[in-house]
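Chain nomenclature is as follows: A, B and C, assigned in order of appearance, with residue numbering initiated at 1 for each chain independently.
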Amino acid sequence: MARQSGDVIVDLRNISLRFGGVKALTDISFDVREHEIRSIIGPNGAGKSSMLNVINGVYHPQEGQIHFRGQLRRRMEPHHAAEQGIARTFQNIALFRGMTVLDNIMTGRALKMRCNFLQHALYWGAAQREEVAHRLKVEEIIEFLEIQSIRKTPVGRLPYGLQKRVELARALAAEPHILLLDEPMAGMNVEEKQDMCRFILDVNDHYGTTIVLIEHDMGVVMDISDRVVVLDYGRKIGDGLPDEVKNDPDVIRAYLGGAH
Amino acid sequence: MLYREAGQFKSSYAEDGRIFPIRQDRVGFTLLMLVFGVAVPLLANEYWLKAILTPVLIFSLAAIGLNILTGYAGQLSLGSAAFMAVGAFAAYNFILRVDGMPFLLALALAGLAAALVGVLFGLPSLRIKGFYLAVATLAAQFFIVWVLVKFPWFSNHSSSGVVTAQEVSILGYAFVSPEAKYVLTFLVVAVLALAAKNLVRSATGRAWMAVRDMDVAAQVIGFRLMRTKLLAFAVSSFYCGVAGALYAYTYIGTVEPEGFNLDLSFKILFMIIIGGVGSILGAFLGAAFIVLLPILLDNLVPALFGDALGAGFASNLQLIIFGGLIIFFLIVEPHGLARLWQIAKEKLRLWPFPH
Amino acid sequence: MQFFIEVLIGGLLSGVMYALVALGFVLIYKASGVFNFAQGAMVFFAALSFVGFQEVLPARFGMEAGSAAVFWLSFLLAFATMVVLGIATERIVLRPLVNQPPITLFMATIGLTYVVEGLAQMTWGANVRGLELGIMDEPIGWLMDDYGIGVSKFDLFAAGVAASLVALLAALFQYTKVGRALRAVADDHQAALSIGIPLQTIWRVVWAVAGFVALVAGMIWGARNGVQFALTFTALKALPVLILGGFTSVPGAIVGGLIIGASEKLAEVYVGPLVGGGIEGWFPYMLALAFLLVRPEGLFGERHIDRV
């Protein structure tokens, strides 16, 4: 399944990130090319989530540089990342628990909506038209992810697997260029995993969305990734095509051969 | 069989987005508006209009304000009364100092003044959260009241600090009778409540709720915390400010800064807890409940226990019942009366065929 | 200069009294994550019970008014009342709300405030009463004579009591099984359960201890200003101390109390006259706020980055 990968769009250089005394990431360089599925693997605590958090500005590394589409980004905040077309899901579901599925997904359209709060207060004319227009777009996504029957359900009442799907829907609603997925299949059964894989591949295929994926299931990772990076204790110990990584002695020693 | 949505198909997303998608609800709501907008002022006696209905409407407005901030945007405030004070004294001064100031404009400006002060005291919310912020809003409560007391300019150098609201007149019509004041209050509150409902069901409301439920995820989606939170503070304070101005002009007539004390702030908080946190309807239910309860107790206690126990007993009993109800609602129905109403409606929909 | 020192010391000493009330908040917050707004009402209830028993014992049971026996028996009875209140609170309010968001629990304690205030006045009446601890509120002689600095004996006594109470609590935390469990709970509820002490027991103990702290604070404040409804406002004095010192830190409560007390008195004397006085109601809040804007993690807190 050779997909056409493009230029480098995210380029991290020599990133180091510390929390007090804990070194979450040490001198990591890593790039993501347009349209590819780029996976990050590694044991728990290796720094995978921290990597995503650095890419979309949730964490600020003490050292290193981030280039986005060839431009150096200084102290990027999460909303800047969103404006650049980066969307994501979280390892521990971060849905808005007090809202329905529909409203959760609608929040994903926030950056594309133009009306101001005074127009919202009137809810007339432009504001209403805008709401309906974006609702149409959101309904497309709802259909794509096959969650029509739960649109008016408060997300807190949904089972885990569906919540993960709604979170993906919310991220997709932003029509992102880059989608960061933090363990989207964790805790799912085989069937749910297959669905999720299909969605990820479809998104990548149809919209050409670049995907950075953290996943523990090696079968899935080796299957759908274009390139894989391996982290261990905050350091990069492997990077390359799935087959290369699979056979890398360092990687085998540190990770693949170990507990798994 | 009366309350059914069967057969009512929504043919467009616009229809699906209505406030009342079910026809019976629309009819019921229209009737309700007619009753409270037309029948009540024509039929109700002066006591009900002056002592119950008008204050319920005004407190509902303040409760909507607090609900926007606390229920929707998740920022607990213990200083709502202070923003009412800003509104009341701003309106007083605008009308006093600007010749020919139209009342409704003064009302809007009072709201804006409160909004401005609200934004100022909302600034700490950008750095501190939760309890720390709740405590910080007490700063607003104490500071604002102190300023209004200490600088006599605000009360036009009245020696007691008490100001008397000027007569309300719009387009030459003077709102003096309780009926007229009630209708004016009703109209202002109805318009602002509708606007609030629109806000919370649109993108603005979603932004508030997103920040409330999970602020990191909200930022990652692209919401700017500063803008979202400060807007909530501004809109919330606007509502409280207008409520404060109405409080002075259509309800009690004479106000002093100390009347807008912490107790009043807590009262408004109680309204949204009992009525329903994060619900516009709840603000009305909660306000009605909190206004009516003491009146009910005042009538009930002497009947039950006789007069022997004295006024102290009744007021202490009231404290205990107030506090007890808060705890009761938090434990039993944290979404308050509004949620009970919703449950009742769902039951009604199935009636008479329980599933 | 003498005047400055006098104001400073007076401020520090009253800061100790703020810290005393703040301590009650911190204890409960640490053990159960509850921001107990009712702490002020508890102070009021405890002090009122104490003076109430002091009246009742001689009047009804013929004990000798003003005797040491009456004093200590009243103290014990008032303490017992607070323990009962604490247990009832745990049972009726907290247990059904376990696992609710902290803000819900906080609002419940606002409800509790009203209940406790109502109960207190319903039981003991609402009139202001004096409370005699036998220590005069007068300057310490030699300080006054030799240095011209007026420091109240009473304030010093209060500070001494507060210091002993802190030492006592520290010992309780350090050397008893319950204390160790308490600290464990503060760090991690799950870990605490594995020690084998039920969470409920811990909560009751901590509410009882907080009741004791409230009683001591109430007696001292009551002796100073009379036992009256205004005692509930001691909570409002303690809140800025908490946001400055942090809800979880005992040293934070002490240092925060000292800072707030001292700066409040200094501001009152040096800034107050410029703006018309009466600033003590809001000044501590503004001070704490200004501080938090610079250092959101508080005096002793660590900077924390949300994990996602």
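By our rule, a contact is a pair of C-beta atoms (placed from the backbone, for glycine too) under 8 Å apart; a residue touches a chain by one contact, two chains touch by 3 or more.
Note that the structure is predicted; figures quoted are calculated from it, not measured.
If touching chains are joined by edges, the resulting network of the protein chains shown connects every chain directly with every other.
The innermost chain, defined by the distance from its C-alpha mean to the mean of all protein C-alpha atoms, is B. Of all chains, A has its CA centroid at the greatest distance from the CA centroid of chain C.
For the pairs A-B and A-C, the larger set of C-beta contacts lies at A-B. Note: centroid distance chain B to chain C, computed from Cα atoms, is 33 Å.
A separation of 41 Å divides the Cα centre of chain A from that of chain B. If each chain is reduced to the centroid of its CA atoms, chain A and chain C end up 48 Å from each other. Contact of a single residue of chain B with at least two other chains is seen at positions 216-217. Residue positions 308 of chain C each touch two or more of the other chains.
Multi-chain contact residues of chain A (touching two or more other chains) are listed as 58, 90, 94.
Those residues of chain C that touch chain A in the shared complex are 302, 305, 308.
Within the complex formed with chain B, the residues of chain A that make contact are 56, 58, 77-79, 81-83, 87-88, 90, 94-99, 103, 106-111, 113, 115, 117, 120-123, 127-128, 131-132, 135-136, 139, 170, 174.
Across the complex, chain A is touched by residues 12-14, 16-17, 195-196, 198-199, 201-207, 209-210, 212-214, 216-224, 231, 235, 278 of chain B. Residue ranges of chain B in contact with chain C, taken from their complex: 76, 124, 127-128, 130-132, 134-136, 138-139, 142-143, 146, 149-151, 216-217, 262, 266, 269, 273, 312-313, 316-320, 322-327, 330-331, 334.
Interface residues of chain C, counted against chain B in their complex, comprise 35, 92-93, 96-97, 100, 102-104, 106-108, 110-119, 121-122, 125-126, 236, 239-240, 242-243, 247, 275-279, 281-282, 285-286, 288-289, 292-293, 296, 306, 308.
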